[in-house]
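Here the chain labels run A, B and C in written order, and each chain numbers its own residues starting at 1.
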């Protein structure tokens, strides 16, 4: 794609400063910008690069005042981040279903694949499964019996969906995702051996849910593990059986949720956070990276961090005091000494 | 499956309260119970739902005394949890080997697959591998050379077993499990570059071992990484080279064990726990979620938590004091002031 | 392979003590040594086993003085560890590319696979991809469009490389590795819903990079996620979009790096460490297991541990004081009492 500064300004509702006929064919980061690319200055931290970048066009804020001369043609916009996002879409090569079923795909005669869905090489679609229109199932996937997949979904390579999993519309399951696997539910017999509790439920993902690479969503013991509309989950995350996650909640990589925990809507969970089982977390909670949540979070919009997780402000106040502990210990020893002295004098 | 209250009572050695001809066809959770389903009240925390559930039958304890009228037919049993477990088995659809080898499975002529084992589509069984009777190997698996798999095992989709791995009887390897991979063993040369130490050992799983989705068991440098009878491992767990795990020990999701660590038998390890390498952990240890174990655990039945992991009781006592740190700091400042005052008066 | 004590001594530049015609065919660990195997005593911790091992040959240091009689023939060498490593190579069965393309491999006519590369069963190589000489791509892999793989690489089973990924020479990608996946980049719209920011960059691995089982390297939003020469990454690690890792840095299992963080060269990162996004970590940093790095690490060769990560020495000093907190609280209460007493007397 070739696009000129003038076209960009028109597209992004901006103004051109410099040669409006400059054209670019790819985006670049400001510190790596090469001729023929468009870069952007969104964060003041990167301003120094604005004076050295070799990009041909640079998106900047309407209010930005350069401290030195700049080489690229400027396109000034109201919101640089929003413009970049909209721009990236122009350069993105979006995969679209071509309605092809690869000759090596194994589709059970009793599966129902909508015309317009694509099934790639070496993928298996089992008896009773349904695949919606416009959905792409990449290579090496396994779609179990009676699985239902909505329309316009993308399943990347190697996704495995176990029996009776339900996936809504516009979902994105990245490489190696496993959904509907048997949860970790055991009872101990009299000999202390673990005996599996049958896990007969399933997993339901509503619309617009994203699951990151190699993440796992276990099916419910009874009923359904449920991820509501718009939930976004990063890579290598573990979601235990009977968990429920509310609308528009997002979780960074390597989070773990033990069984039956319920996360509210609009929650933001940092990387490597762990949740104990059977908890309830109120809407709008923000949980800092590596936190260990071992109690219900009752108040909406709580901010927690630490293991065990406590209020964010309290955590940092305590940590500041903690770093003074050796000082405190010294003061105590001095006080002891002075007091002893004083007593002996009295 | 249709089953009546009378049949259930007979099956579970219980008594019926209400219409003994009520029939149900599926289990449900008490908060979601619908007509035609059987639910259960096992934990007092859920008692409120007992008065509102629409399930047709409810399993309760013989000793339970409702505070309000209940709608479902009751089946009273001695142990609700045990009855639910036994009941779920009735509703579970257990996969059984059908002895079929899918036409796309690639079985090396020198592999030995027992009659009665099932090998599903696009799975590869290499030279010298042995597969026991009644074992199911699902689609997209790779069984390396000279691998031995016992009888009545289930390997879910996409399991990869490297050369010389040994799997006992009745084991369950969930989707994406990798066993026998090359461990992370490097030496640094004079230039500070990492050079691989050859990893020529293997992995042995004894009988009744379960490994969760996308978990990894690295092979030994020399000898065998060894998981003993009845070990249960959850999803996304990392087991390093030359680790040994004792009988009936269980580990929750995302645990990591560094090389050569030995875990005793009957240990229970919480989610996201990390173990340093070359440690020995005594039998019966219980390690709380997210703990960081960096020393041998010498005493049997130890309970540890925290990073670094310390005694469970000590951890919580220390944490209680920790939360008072700002108070403590204030008290010290006050004491200092008072002492100074007293000294100036003296 | 059969090798005698005399041959070993010659190979390792050592001396024989005992029957120089003793032969062995495999290595063993000292505590498990069986007749016909060679074992070694490298660490004093294992010395007791030296007097009981049944191995036929034992490698020991030239300076080692047994406290008791030993059974095996001794081969004395200068550096036991180095000798073991060199020896293991003799027993290792290194996989070499045989130049075969399995009949079930799907190679796009516009892909360029060098003669001498091996492509195993059910693997897919897409349009525009290039595979170097001597490279092995195992079964069930997916090589996306325009991917470039250098020479002498090993891709184990089930590796997935997304479009435009670049892999250098001599790289090793273990089972289930995913490279070039779409990063976790979202913006929230006015309704609070997450909207994907297009991720149009790629991933570049330089030469001699190893990636562990089921680890994930996300592609850059713009530009490249970059792992430099000699980087070694263990299993189940998450590397976010636009991360850069310097030469010869190593990371243990389950580490997570959030987007745009830059790690210096020669860094050593322990297991389960987490890095926040947009950080810079100086060369030679050593980060202890489970640390949570939330700030730039500015000084070279820093040693950090803890969450939040702080200087290693400080961490352990603080922790020692922390364990005395209840004592400290008691002392404060006593001082308060004594002071009160003193004041009332004054």
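In this section, a contact is a pair of C-beta atoms (placed from the backbone, for glycine too) under 8 Å apart; a residue touches a chain by one contact, two chains touch by 3 or more.
What you see is a predicted model, and the numbers here were worked out from it, not measured in a lab.
Engineer: Which chains, if any, touch subunit A and subunit B both?
Structural biologist: C
Engineer: For subunit B versus subunit C, which are copies of one sequence, does the interface use mostly the same residue numbers on each side, meaning over half shared, or is it different?
Structural biologist: different
Engineer: Distance-wise, how many Å sit between the C-alpha centres of subunit B and subunit C, to the nearest whole number?
Structural biologist: 25
Engineer: Going by the contact rule already set, what residues in subunit B reach two or more other chains?
Structural biologist: Residues 122, 140, 158, 176, 214, 236, 254, 272, 290, 307, 322, 325, 328, 332, 335, 339, 342, 346 of subunit B each touch two or more of the other chains.
Engineer: Help me check something: in the complex, which residues belonging to subunit A touch subunit C?
Structural biologist: 27-29, 32, 81-82, 85, 88-89, 91-93, 104, 121-122, 138-140, 156-158, 172, 174-176, 208, 210, 212-214, 230, 232, 234-236, 248, 250, 252-254, 266, 271-272, 289-290, 307, 319, 322-323, 325-326, 328-329, 332, 335-336, 339, 342-343, 346
Engineer: Which residues of subunit C touch subunit A in the complex?
Structural biologist: For this pair, the touching residues of subunit C are 106, 122, 124, 140, 142, 158, 160, 162, 176, 178, 181-182, 184, 186-187, 192-198, 200, 214, 216, 218, 221-223, 236, 238, 240, 242, 254, 256, 258, 272, 274, 276, 290, 292, 294, 307-308, 310, 314, 317-318, 321-322, 324-325, 328, 331-332, 335, 338-339, 342, 345-346.
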